[in-house]
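Each of the two complexes below includes chain A, the first together with chain B, the second together with chain C.
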Partner chain A sequence: MLKDIPVLSLIALIPLAGAVLLLFLPGRRSTWPRGVALAFTAIPLILSAWLFAGYEPILGGKAFAEHFTWLSIPLNAEAWGPDAAVASYRLVFDYRLGIDGISLPLVLLTGVVSLMAAIASVHIRKRWKTYYALFLLLQTGMYGVFLARDLTLFFIFFELTLIPMFFLIGIWGYFGREKAANRFLLYNGLGSAFMLFAFLILIATLGFSAEAATAGGNAFSFTGDYEVLLAHLSDPNAPANIAQPGNAMYLSDSLKWTAFVLLLIAFGIKLPIFPFHTWMLKVHTEAPPSVVMIHSGILLKMGVYGLIRFGAFLLPEQLDAWAPVLATLGVINILYGAVLACAQKEFKLVLAYSSISHMGIVLLGIASLNEIGLQGAIYQAVSHGLISALLFLVVGTLYERTGTTKLDELGGLARSVPFTAGILLTAGLASLGLPGLSGFVGEFLAFLGLFGSMKALTAVGALGVLLAAVYVLRSVLGITFGPMPERFIGMKDARFVEALPMVALAAVILVLGVYPSLLTDLMQHGFDGLLKQLSTKAGG
Partner chain B sequence: MATVFSPYAWLVPAFPFVAFAVLTAFGRSLSRTGAWLATAGTFLSLVLSLVIAIERMTGAAEDYRGGYEWLRIGDFSLPFGFEVTNLAALMLVVVTLVAFLVNLYSLGYMKGDDRISVFFAYVSLFTFSMLGLVLADNLLLLYIFWELVGVCSFLLVGFWYQKPEAKAAAKKAFIVTRIGDIGLLIAILLLFWYMPDHALDFVSLHNVFDPQNGGTISLGITTLIALLIFLGAAGKSGQFPLHVWLPDAMEGPTPISALIHAATMVAAGVFLVVRTFDVFEASQAAMDTVAIIGAFTAIFAATIGLAQNDIKRVLAYSTVSQLGYMMLALGVGSVPGAMFHLFTHAFFKALLFLGAGSVIHAVHTQDIREMGGLGRRMKITAWTFGIGALSLSGIPPLAGFWSKDAILAAALADRPWLFVVGAIAAFFTALYMSRLFFLVFFGKPRGEHGAQAKESPGVMTFPLLVLAALAVVAGFANTPWNGWLGQWLTGNAEADHASALAIVVSVAVGLLGFYIGWLVYVKGAVRRDVLSSRLPGVVRLLERKYYIDELYAWLFVRPLRALGDALTAFDTHVVDGAVRLVGAAANGIGKLNTRLQNGQLQTYGLAGLLALVVLVVAIAGRRFW
Partner chain C sequence: MNTLQWSDTWYLAPEITLAAFTIALAVLDLMLPNRTNRDLVGWLSLLGLAAAGVFVGWQMYDLHAGGAASAAHSLLGGSYRVDDFGNLLKLAFLAATFLIVLASLGTIRQAEMPIKGEFYYLVLPAVLGAMVMSSSGDLITLFVGLELLSITSYVLVAARKTSGLSSEAAFKYYVTGGTASAFILYGMSFLYGVTGSTSLSAIGQGIGPALADYRAMVYVAFFLMIGGFALKLALAPFHAWAPDVYQGAPTPVTSFLAVVAKGAAFAMLYRIFLNTAMYASDQINGSAVRDDLFLALAVLAAAAMVVGTTGALRQHHAKRLLALSGVANAGILLVPLSLDVSNLHASLFSEFFYYLVAYVFMNVGAFAVLSVIAREKGDEAVSAFAGLYHRAPWTAGGMTVLLCSLAGLPVTGGFFGKLFILFGTVQTRAYWLAALLLATTVVSYYVYFSFIRQMYMRSGDTDQGLRVPVPAGIVIWLSVAATLALGVLPKLFMGWIDDVFSILADFLF
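Presenting the complex of A and B:
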């Protein structure tokens, strides 16, 4: 029964349907838009959970695939030489969705964080209808990114996330919101341009295939279908692998390198990798907390996902050769982010730099190129998504009450809002990698994986764990411990609607920390193809 | 005899965990009931631990293992398991016994606190984690509980979070021990990649590093692993140079100091080294390091203890010093010596801390200069504290004498100069303990509360009495003529280190130290300020703890802060500056182009001419390139 309905399409498009529905509803008060948004956010989560229950790792990417040809654009027809048959070319856009051990954890993350962010949007005070419509549109983009199995489709969904995000920052943000929104759009737009360029290279080479000859002559097609690209990659007879003079479809080493570096920059901006990180500082400080939950919790992970899905799987040799570079960038991210996080006076900036530091650990996991490290990278991505969502949830709750997020204006909140302070402490401990909470597992696996190949770099990176303790405790204790300023007397602790997502997120973080197999079992076999390719390359 | 109870060993940590869960969920509505619930949970653990220990003493010598798979990735599997050995059984008893007594004591000590249920929740979580650490059958699981006890310690040190000192101490405790934890983490990574089959369990460690199978892992890597493990142990057990957090941790409630920072958690470092002792034995360099750091810490902390005026800080430095003894024992190869001292120390040091808590409870100060004359008003506290002090000072036949003597004898047999260091440290130990004891309980009351001080309630004095009894008799578990404990723990008759010289010296320095203390602080035969007037520099150096904190501030804290500020400036001006520059450049070019398109034919002509000139020059110039 699960196989009979297009469950992936439903996950991706139900939020869009919700956004359309919202247009026809009254938006004078928050009730209707909020109710619709919650419902249409919850449904994809339920469907994802259903996927989770029915997923069999051994099937890999074939599970729940949905595929049909969407558009087929004739390009040109030509005849080479006097007696040659006519060759016709066309460009095919496929609508292909799929799921495997790498995307499913991220789909689940998207579902959980989106719902929590939707609940946390209770602090939004104006233009609810527009807000929730954009919020739902954003979700379609995010689900699409993780589900798409076609380069063009991926690109479209990727771009789809930018537009609602731009408005969500620019309209509902804090004082410098418009500048932050501009910076966000420009920077990410630039990244998308790099990505598009790399995708075109891949489509023009790996995506080229000969179809059955018809009466009219030979037919050739270009496609961005990910399965086709993967198949061509390991097929020695694919045009992309034949180094012949005059073969315009040959994916030469220099082309591969170009594509790889372009992808690294494109996803490096999203991740973000030092020195492309400054845009996200602005977003962290200026966007409303519920939007930052989405941004830090999910959008950054699109960078991780893209880097693995396209960088690693389609260009494994390049990744292999550049593993030390990637690991070095990871260590720089970890330490640079951590040292800067230690010096910030604004809590949101501490969290922003801590995100940079944590994404560095993801890079380490990718650079390890072994199963432990790669699973660690995904685990860390999911765990960081949950933890930073929780942290910004608390930030939103505290800001509502204190009107500030500056560290030197806060203090002693454990007395006035003990529950929220306790959650903040829990989230902080998860963030610094306390065993028993999810942060530790991702960190440990990434370090463990990389340690097999790059011992010294890993050891240096592990210093980040120490610095994490410094900046987390400094900021969290700064907010909750110490004597309470008088103006915080009589503050109310979190309301039910605020406490609910806090408890839910904390519970997920705890469960993933205590029982990591829940997630790693999904990822089993997820990297089989990549690892096989790497080992044959190394062996041959 | 079959093992009946060992398979249920997982229940020992389970009871406190349930108490923790219930207290966390319903704590606010339970308040005092919750406190009793936590105490009851620990009591059940204690009973089960005793049953297991007795079972193991009466024959069931086979170790029991059980567990399940925690994480599987590809071909690697990380199991979760527990292991009941004699060592584990001993630790279970020590931990649950002290935890139970501290729970009981806290019912009185924390009575008025409105967060009493939070306190008991944390204590239960700690007890659970500590017991898990003891039972863990592999290094990764041990590490997980290791971190958990660390975080409980952090939470409890910072329990009175409104005090800035408590906040600072909690932060410091966490961060300094984390330095050691990173060492342990890297050691685990190393072991994972070097061990056959990526095994991390202690049985495999034992087999691989057994000298008979020598050579599986090279000596260099072995030494590195051992030193990294020791770094972890040093962080937790307050060994120099990572000892700085432990004295500050005294900001926590006193029962916590007794439980976590004297009897159990700080001994976890020693336990870790014992658990991985095969790795250490495989490397002489590692053994030397452990012995020297241990001996140095023992004497170093003892000298600081001489000059402190906070009752808890004196005891804290004493703990650091005694942990140094345990490390010294391990460094000279005596596991029984270390475990024996861990065992007796847990009782007499917990006793001393709880006694100190009783005093603080009565006089509301921790400064020994404001106490005095409490002996007559607090008889039970005074007597039990006195027993603890004598035991710690190594006066026979109390427990501390036997265990310290075992260590000194082992040192004498291995490296005599370490014995000399240990003996001098023992002298200082007796001296600072007699100073503490006589200043607090003898003479006239000096503080404002001293005259009205009352003995603490029964719920607090009962644990004191139990611990005092143990501080007297626990030493007979392992006397020079009957090495029962050592045999039971290690399974083989340990080479007998008993030495008349060691006994004589150890008794002599203990008595001498106590006698001098009596002369100075009771009899007044020697003026108290004789040292501070003659050698003010030395006294000041000791009072300021050799300026280690200041040194670290200069070496680490300030540079990190400066680096952070410098990088912040770099990030906003250089990195972000470059981004802004790119933006500005694009903008500028756009504006320039706008200006060029001004509709004036002359401008276009000029631009065209200039372009032509550039082209011509470029084409012509290529010839000469």
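Presenting the complex of A and C:
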């Protein structure tokens, strides 16, 4: 039954339907928009849970794949002349959705974090209708990114997250919101441009197929279909692999490198990798907490996903050759983020730098290029998504009561708001990688994976874990214990709507920490194709 | 058939209709008493445009009625051609003008344009000029069309009689436009000199052999023409007049200049380049001349994209900003042509035309919103958009779609237009052009989002609802709907262009 309905399309498009529905509902009070948003956020989560239950790793999720030709744009074939006998010459955009062990954990993450962020949006005080409509639109973009299996479709969904996010930061953010929104737009726009460039290079070479002569003549087409690209990659007869003078579709090594570096920068901005991180600091401090939950929890993971899906799978040799570079970048991220997190006076900035540090660990996992490390990368991405969402949920709750997020103005909150402080402590411990919570598993797998090939870098990177303990404990303990300013006496603890997502997120973090095979089982065969390719290249 | 036959009038029906309407409306405008609202003239001029459009459509249908792939009908020894290239562009020009005139009905105030009647009937010969330009197979007819368009637009720019700014703009436009025409004409005279003919097909045949003796002359001819066209199209570094003229002209005229006048100049450029420059190669020296000419276009396109976008960054006046965005967009529109024709990439016209049509809708729609706002506020700064979201949420939403299209964000016509052009550049391995196109697109986000920041994130001085006149509202929503349709289903339109247009039948004859 599950196999008969287009469940992936439903997941991606239901939020969009909710956004459209919202436009026609009254928006004077928050009740209607909020109710609709919660409902349309919950449905995709339920559907993805259903997917999770029915997923068989060995199939690679082929059971759920959806595919039809969306657009088949005719290119002018006349100039080929009569000799080539071209009957059709087309540029094809496919609507192809699919899911596998890499994307399913991220889809689940999107579902969980979105729902929690929707609940946490109770702090939004103006223009509810627009807020929730954009919030739902953003979700369509995010689900689409993780589900799309066509380069152009992926790009469209990727861009689709850009516009709502710009508004969400720019309208509902804090004092410097416009600047933050602009910076977000420009940096990510630049990233998308790099990505599109790389994608078009791949479509124009790897995506070209010349089908044998039919009655009417040859059928030439360019496509961005991910499956076709993968097939052409290992097919020595594909035009992209034929090094012949005059072959305009030949994907030469220099082109591959160009595409790889473009993709690395594109996803490096999103991830973010060290010199490209400044935009995300602004977003972390200026956007409303419920939006930061999405941003830090999911949007950054789009960078991880893109790097693995396209960087690793489509250009494995380049990634293999640059694995030490990636690992070095990862170590820089880890240490840079950790050291700066230790020096911050603003709690949100501590969290922002800690995100940079944790995303560095993801890079290490990717650089390992073995199953354990890659699983670690995805695991770390999911776990960091949950933890940072939880941390920003607490930040939002505290800010509502104290009106500040400066470390030196906060203190002793364990006495006035014991529940919230307890959750903060839990999240902090998860963030520093306490065994038994999800953060530990991801870090452990990533380091373990890399240790085989690059021992020195792994050792240096592991220092970041020590530093994490320093900055997390310094800031979290400073907030929860110590002297309490008088104005915090008599503060009310978290309300039910605030406590609910906190407990839910904390529970997921705990479950993933205790029972990691929930996710690792899913990823079991996710990397088979990539690893096989790498080993054949190494062997031949 | 070197003389015009009585039976040929059928093929000239769209042009004759426009001419007849021009004369009739001019007389009507003179006879109507002063007190009468000139909107009547406007509605009749819409009727004329629609009638001409119907005739063009009919002719297109006729051309393909026999089931033949494509056949061009040529009049007067090939100096006037009724072919799909011309017909498609004519339809685009007529539709754009129709929307512009419709949006101005009830929106422009008497003070803004004291001679409304003249605007409504002068816009007809201007389109007529554009149509002649897109349908000519001879240098002389091309130039006549160009002048008809130019001279009427000089008058239109000056239509705000009482405004000094408008007169200044008209004077500047007149001087630069005259210079451009002179350059083009001078270049044409060299072409005539080396090939001995003004007919494009004869030049195409003669130019290859002529290269042996007159290589330098051919370069001079084309570079003079390229310079003239760059001035007409406001391509950098020949764009300095555009912001002043766009600002001074009444908004509907600005919109006309940005869309129709630009499109017509492109039509002429396509006619000349694909019929003559294409053949400027000889066996002895390879194809250097042809490559150089197309490279020159590519360089101009690149310069226009960069200068237009960076210039727009600093603008706070909406019309000047859109003028510079027009410079950048002219650069983008030039990219497909500059890639030349090869067996791999021959869809340059479909790429160009798709983006042109998307550009028509986003630009006409944006100018309509601008004129509605300026009508109440009397201010054309970007900050006049402040708080639009609170005053007219739907209009703000529509404008957001149009701006996303201008910025090239999905899912709009502008996105796919740019995507097709980009794919062309990557296909032909013109990576530097692709990189510039992408880079300027990113910068343009900042430019176009300055409107969005004003509309959604700033508050204006009034919260009073914005009154949108019905005709302008219709234009805005048509533009938004068309922009979205082009973004969701580009196949329909792109497929249609491919069915109708054939590069072999329309050019390369």
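Convention: the second predicted complex is superposed on the first by the 524 of 540 C-alpha atoms of A that agree within 3 Å, B and C clash if a C-alpha of one lies under 4 Å from a C-alpha of the other, contacts with A are read in each partner's own complex, and residues count from 1 in each chain.
Throughout what follows, a contact is a pair of C-beta atoms (placed from the backbone, for glycine too) under 8 Å apart; a residue touches a chain by one contact, two chains touch by 3 or more.
All figures in this text were calculated on a predicted structure; none of them were measured in a lab.
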{"item": "Which of chain B and chain C A:278 touches, first, second, both or neither", "value": "first"}
{"item": "Contacts of A:186 with chain B and chain C, given as first, second, both or neither", "value": "both"}
{"item": "Which of chain B and chain C A:343 touches, first, second, both or neither", "value": "first"}
{"item": "Chain B versus chain C as contact partner of A:415, first or second or both or neither", "value": "first"}
{"item": "Which superposed partner A:517 touches (first chain B, second chain C, both, neither)", "value": "first"}
{"item": "Which superposed partner A:477 touches (first chain B, second chain C, both, neither)", "value": "first"}
{"item": "Touching both chain C and chain B, counted on chain A across the two superposed complexes", "value": "186"}
{"item": "Chain B residues within the chain A interface of the complex", "value": "69-74, 76, 143-145, 147-148, 151, 158, 161-162, 164, 166-167, 170-171, 174-175, 178-179, 181-182, 185-186, 189-190, 192-193, 560-561, 563-565, 567-568, 571, 575-576, 578-579, 583"}
{"item": "Chain A residues touching chain C - in the complex, by the definition given at the top", "value": "71-81, 84, 91, 130, 152, 155-156, 159-160, 162-163, 166-167, 170-171, 177-178, 181-182, 185-186, 189-190, 192-194, 196-197, 200-201, 203-204, 222, 248"}
{"item": "Residues of chain C that touch chain A when the two form their complex", "value": "341-350, 389, 404, 409-411, 415, 419-420, 422-423, 426-427, 429, 434-435, 438-439, 441-442, 445-446, 449, 452-453, 456-457, 489-491, 494-495, 498, 502-504"}
{"item": "Complex interface listing, chain A residues touching chain B", "value": "186-187, 274-275, 277-279, 336, 339-340, 342-344, 371-372, 375, 412, 414-415, 429, 434-436, 440-441, 444-445, 447-448, 451-452, 455, 458-459, 462-463, 465-466, 469-470, 473-474, 477, 480-484, 515-517, 520-521, 524"}
